[in-house]
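If you scroll down you'll find the structure; I have some questions about it.
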Amino acid sequence: MEQVVANGLYLGAQYALIALGLTLIFALMNVLNFAHGQMYVLGGFVTYELYGQMHLPFVVALAASAVTLAVLGGLIERFLFRTVIRRSKREESTMLLAAGVAYFLDALILLLFGEKQRGVPKIVSGVWVSDNLIMPYDRILVGFLAVLFIAAFILMMRYTKPGRAMRALAQDRVAAQLMGVPVEFYSLVGFALGALLAGLVGGLLVAITGVNAGIGGPISIKAFMMVMIGGAGVISGAIAGGFILGMLESVGLSVLHSYGDVTYLVIFAALMAFLSVRPNGLMGKPWG
Amino acid sequence: MSTSARLATLVIFVFAVFVAVPVLIGLTHRTDFYYTLSSVALLAIASGGVWLTFYIGRINIGQGAYALMGGYVSAILVVRYGVSFWITLPLAGAFCAAASVLIGLPILRLRGVYFAMVTLVLTEVVRLLALALPITNGAKGMVSLPPPGPISLFGLTLVPSFDTFAERNEAFYYLSVAVMCVCFAALYRLVHSRVGRLFVALQQNEELASSMGLNVPALRVLAYSISSFFGGIGGAIFAAIAQSVYPSSFTVADSVNFMLNCFLGGLGFVFGPMLGTLVLYFGWDLLFQAGQYQLLIYSGVMIALMLVLPNGLLSIRPLNFRKRVRPLIWRRS
Amino acid sequence: MARTTLPFRTALFGFASAAAIALNSGPADAANKTLNVGFVGVTSGPAAAWGTSNVRSMQTLAAWLNEKGGVKIGEDDYKINVVTFDDQKDPKRAIAGMEKMAQEGIHYVVGPNVDDGAAAVRPVAEKSGIIYFPYAFPKELYTKPASNAILGMVANYQSAPAIYKYLKEKRGVKTVAFVAANESDPLSQRDGGVAAAKALGLTVVADRDTYENDTRDFTPVLTPIVKLKPDLLVLSGVAPANAPLLIRSARELGYQGLISTETAQDAKVLEEGAGDLANGFISVGGASTPEIRSKTMEEFIDRYTKMFNEYNDESNTKVYALEYIVDTLKANPKAIDNVEEYKKTIDTFSAPNLYLKGENVLRYVGMTSFGQKRQIAVPLVVNEYKDGKFQTLFVADVD
Amino acid sequence: MQPLLNLANVELFYDHIYALKGVSVELMQGETVALIGANGAGKSSILRAISGLRKIRSGQIHFDGRRIDGLSPEAIVGLGIAMVPEGRRVFPYMSVHDNLLMGAFSRKDSAGVRASLDMVLARFPRLKERYRQAAGTMSGGEQQMLVIGRALMAKPKLLLLDEPSLGVAPKIVQDIARSIVSINRDDKVSVFAGRAEFADGLARLSPRLRIDHGLGGAIRRLGRPRQGLSRPASLSGRRYLKARRPHAHSRHQS
Amino acid sequence: MAPILTVSGITKQYGGLVAVNDVSFDVAEGEILSVIGPNGAGKSTLFKLIASFVRPTRGEVRFKGERISGLAPHIVARKGVVRTFQETTIFKGLTVRDSVIVAHHLRSHAGLLGFYLGTKAAREDEAEFGRSADEILEFLGLRAVADEIASNLPQGSLRALGVAIGLAANPKILLLDEPFAGMNHDETRRAVEMTRAVRDRGVTLLLVEHDMAAVMRISDRIVVLNFGAKIAEGTATEIQSNERVIEAYLGVEDETIGV
């Protein structure tokens, strides 16, 4: 049982970190970023190249992933989303753009990094073993870092000026503008930050699960689900959603192990039922 | 626009689809286009359904679920119960419509991205069900489906068995575009009747609509079930063309594509999904010689289109029409 | 509104068709003697690895043959041109791809890579006179009345019994657990594997555990299985991307037994993804394990690496399809545009297998499994991974 | 003396509809100006034009000697114009504290911000009671206090108020009126209000008050209110009863 | 005369928060009754409860003796209890005339299928709706803007449109949400006259409003809410001299600021 809970927590931490970036972008711009998973993959490949191939320190590679994606995210916001949002009659149009960007990044990643699954040397080796629990040190470290990043992100949003500005922007764009918040700049910053989080988690997880070009789409969908569970556009919701999905998977796979084929069917059906009862997720805003 | 002009357009369209295209294909011997265009027609039908859910203000990423369901219903009836394909076609649609009533009643209370995500999950649920249920033959799929047989009425053969066609895909082409024409005509009539106005009222403001006595949940479910009916029909014909249906025949990617077709064509236009499907599906095929750069170019063009025409392809129109022709409303209330 | 819509659509439609015709009506001209061979499979998206290794091995071989001046079939020298179509792992697109091949006058196509795609293109291929080489296992494709599909590799229902038998006898395996992705191909392979294991008298302790294909962390999936302590853990139909992750999770959870799969893997991927933990992993390979590969195979690997920067061990099994097509056509030049001739040749065809050391022949097999020769005789090479390389455990033949 | 704010011939369109047709207004340092006028007369449009939320088509707006039309809203806030938008737009999921800090977003002097914070909390003690509460959970009156306090956090020279009394109870209208009067008087902040029911109350206090009667997007009348004429039928029911003579004041105004 | 609407002991709780607490009152047929109270006193929730947009925690609403609490809102509307919204709640993209025509739904004789197929009954309905819509628009002075897109209307006309939409549903009792907010005195006067005219059409009116001048002038009776509970009920005169109301809502007049 301890093992199942530990698995769930570890999974939850990484899921929550993935969901955070997505929910941030959604909250700020009402854009459902289909390309989030692809950004994650790109982050993974940057770390793979720098740490796995060029043997730079892992921390450096991780930082490089974050920065690369932040820059890319900023460019995408500035030159694509901003234009389309301004000119489109409906904000849903950005979904087509986001899908286009997702496909484009998919194609680009495949051309640049090839079709193979890539991995890097372990960042720390060894396994922590007790009677009921087995946990490799690198997973402990990555889980710890994920929680650390989540905490840093929350603190940043809560107690710094840019964090407050972004929260204000998410809650009332016009009012934020009247407070003197340069909304276009902070939209860009928010998008870049969302992309940065994707890159960061991609770089972090390459140490455990490696990375391959095609995994972006499925990751995006999984991230959407976490965001929905918690409530779209709410930071605490994304974190809760991540941990809940992680726990559901861990517990579900364990409990339903003898009915293996239906584990995910049960999880998904439960998710649909849950959302039917709570149409805005756990802590969602009514306008979702 | 006058009735005669509308009629003329209709005649031109029907002529183009049923005469000009086959003649062109005959002249150029590009018989592979029969399949491509059949696909476009069938996917356009399913996309048309998605468009209708957009019309009541719901982002639907679950049409793949109904297309898959339709394919399976038709295949199961044909293989296990020996029912004629032609009978299974409306039954597949009806089954999907019925299923969508049960599914829609709870989930249509959701809005915005929540509805979108639940429908996306629905696609996955149906795929997993197809894998898990015994009647669907699970992972092995339903294969070796017989091609559609003849339709006879009082001993008179109206449609010969598809086996007898030299160019089977030509027969499927006529079937697909005929069904597409019927579906879009029905959709057009729906949108331009009072029922369509009621749907717009829903799209714009459900609370206000219910305060004036509209049975909002029932109308939502009605639109959703018509939408799913379209999905089921499209899926059933696809199963017949491929003579097989697998849990992966329609996936999340298809659901997303149906939605993108609507966006690309333009949500304000009944025929938007038709055009969107044509461009997106055909575009991929046209780019096949680009080899490994296919996806890169495809997505690049998609992004460019979005930048130039963020409101859909049909939003370009001659200036003098702009005033008189108002796109069917789509604004957030 | 229809007034502007419809003519616009029609116009665009006409334009698109015209463009398509202009684009596509170039090649296939018999005068310059090009032999077009098609590929319909997945080269983008999550499953891109399967098709990519496939298409690249074809392109490598074609370039090599062309460099040597092409191949002489009958009286003429032919350059080989590989026409590729990415079906995005979508059966609907696979049909479109096969139609396209038919339109181009191509009679020999490699692919598709998955069960549903192969089943979907079957009507087109059978009708249009295309011989295709799917990497998919459903028997319906290869048994009568179907006659145009030729299995391009060893099916898992053929390899699994051999592997399990070997492991039972040589490694003392008594209990087996299966885990598979929740998708058609892996589940079918799992069911085949379970049947094979039971037939051998092995105890199957887990046969229902599945994972979603987007899983990146397999620890939760494997936790309950590892607890059962099976002697052998079979990763049914595992994608090369997932194999190292599964191995790593199992080992880190303290699993001590053997791990095997019936799909081909890439040593580099295993090394990067699981490192030492992958040692002892048993998989099926083609011809490139160092012990048995010939000079020709080594050159093939060299050329492949030069062309695409990196070799993929999965390509080992996939080098053969094009080789078979070319050699069969050489044996019966009339088959170049007549697949009936090709089918006639199948029963008697035999050519030297240059990729393996020693005396080996290329021939068509499959009588036992399909009742007709609709499979190429790829040697069943079972490897064990060790420190970044595959070592041959044993080699077997399929008939 | 140079006016603090000067609008000259300002024209503004929504889509293709005229919202402002050549409006000219000026406001001196320390003044309170109230705009009254019918729905759609352009009161909000004038305020939005000043705050930069809407770009004007032609004309000029000067503030404190600088031309500000064409500047972004955030730049205009930085110059010392704070706007309280229509409909109490608090940041609902942020605490009172964070809402107030947002008001000081464009300020760099952290000591000054702390002083402003103390000043605002002193002025609205209720906000202090609710300091850590999410703004969205407060009552309408409290939210109204918060948005005014938030605007004061920018240490503005000019406070713009758009429909400050719309949809609030009479008692709260009084509270708002009192605070605006004292903001104007004690903090030396000029006030430009769109449609304030308490305008005539302000008149008695501020000798420099004018009422600009905007109609149809153009200023029809400019000047001090005559006692009793501009006076909207008072919001207090009690007063209404006293002056039982039916309303119809504003009609006779022009 | 028996009351047309009876609210008895109605209570609504959201989690721990009591939005409406044990409120009871009657509405007589043909009456204009106003509900006033500070922001957050529970007026909107009370409206939602009456129109059955939310279910009461306790208590019930009866319309003509029949319990309507718990029924779906469209059923309640069908019975004749119709709610209007503030001006932001309209069909933004429809024209004024179309909005009103759509709102005639309750008067249709043809079914949806009939409308789809364009049967005789449906055509007659459509013609009748058009006539009726024109009449309502004329009545409310919206004739001139009938073909405007609703979102382009000025606020005052939007309110009138809200009432027009409400009237189209053929109500017995119409619930008006702040019909005079943001209006100047001229507009308020016209709106008050309009409201009276609506009552003269035989529609009972229940309204929530802050504009005391208008409320005092128009209401037959007034109900005052504070913190979800009813603190007073009576005629305008009674309410204005009620100390609890003055303390909670009206406030003591302050000569220095004039209100």
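Lettered A, B, C, D and E in written order, each chain numbered from 1.
Here is the rule we go by: contacts are C-beta pairs under 8 Å (C-beta built on N, C-alpha and C of every residue); 3 or more make two chains touch, one makes a residue touch a chain.
On a predicted model such as this, the values are computed, not experimentally measured, just so you know.
Chains touching both chain B and chain C: A.
Fewest steps needed to get from chain A to chain C, stepping only to touching chains, is 1. In this assembly, D is the chain whose CA centroid lies farthest from the centroid of chain C.
When C-beta pairs in contact are tallied for each pair of chains, B-C comes out on top.
Centre-to-centre separation between chain B and chain E, using Cα means, comes to 42 Å.
Rounded to a whole number, the gap between the C-alpha centres of chain A and chain E is 46 angstrom. For the pair chain C and chain D, the distance between mean C-alpha positions equals 73 Å. Across the assembly, chain B contributes 128, 131, 253, 292, 295, 330-331 as residues in contact with two or more other chains. Counting partner chains per residue, chain A shows two or more touched chains at residues 106-107, 110, 217, 221, 261, 264.
Each chain pair that touches appears in this list: A-B, A-C, A-D, B-C, B-E, D-E.
Of all residues in chain A, only 3-4, 7-8, 10-11, 14, 52, 106-107, 110, 114-122, 127, 129, 134, 136, 139, 205, 208-210, 212-215, 217-219, 221-222, 249-250, 253-254, 257-261, 263-264 touch chain C in the complex they form. Those residues of chain D that touch chain A in the shared complex are 51, 53, 72-74, 77-78, 82-83, 85, 89-94, 98, 101-103, 105-106, 150, 154.
Residues 26, 32, 34, 80, 83-84, 87-93, 95-97, 99-104, 106-108, 110-111, 217, 221, 224-225, 227-228, 232, 261-262, 264-265, 268-269, 271-273, 275-276, 279-281, 284, 287-288 of chain A are the ones that touch chain B when the two sit in their complex. Listed in rising order, the residues of chain E touching chain B in the complex are 51, 53, 72-74, 77-78, 82-85, 89-94, 98, 101-103, 105-106, 112, 115-116, 118, 122, 125-126, 151, 165-166, 168-169.
Taken in their complex, chain E has these residues touching chain D: 36-40, 152, 154-156, 178, 181-189, 210-213, 215-217, 236-237, 239-240, 246, 248-251, 253-254, 256-259.
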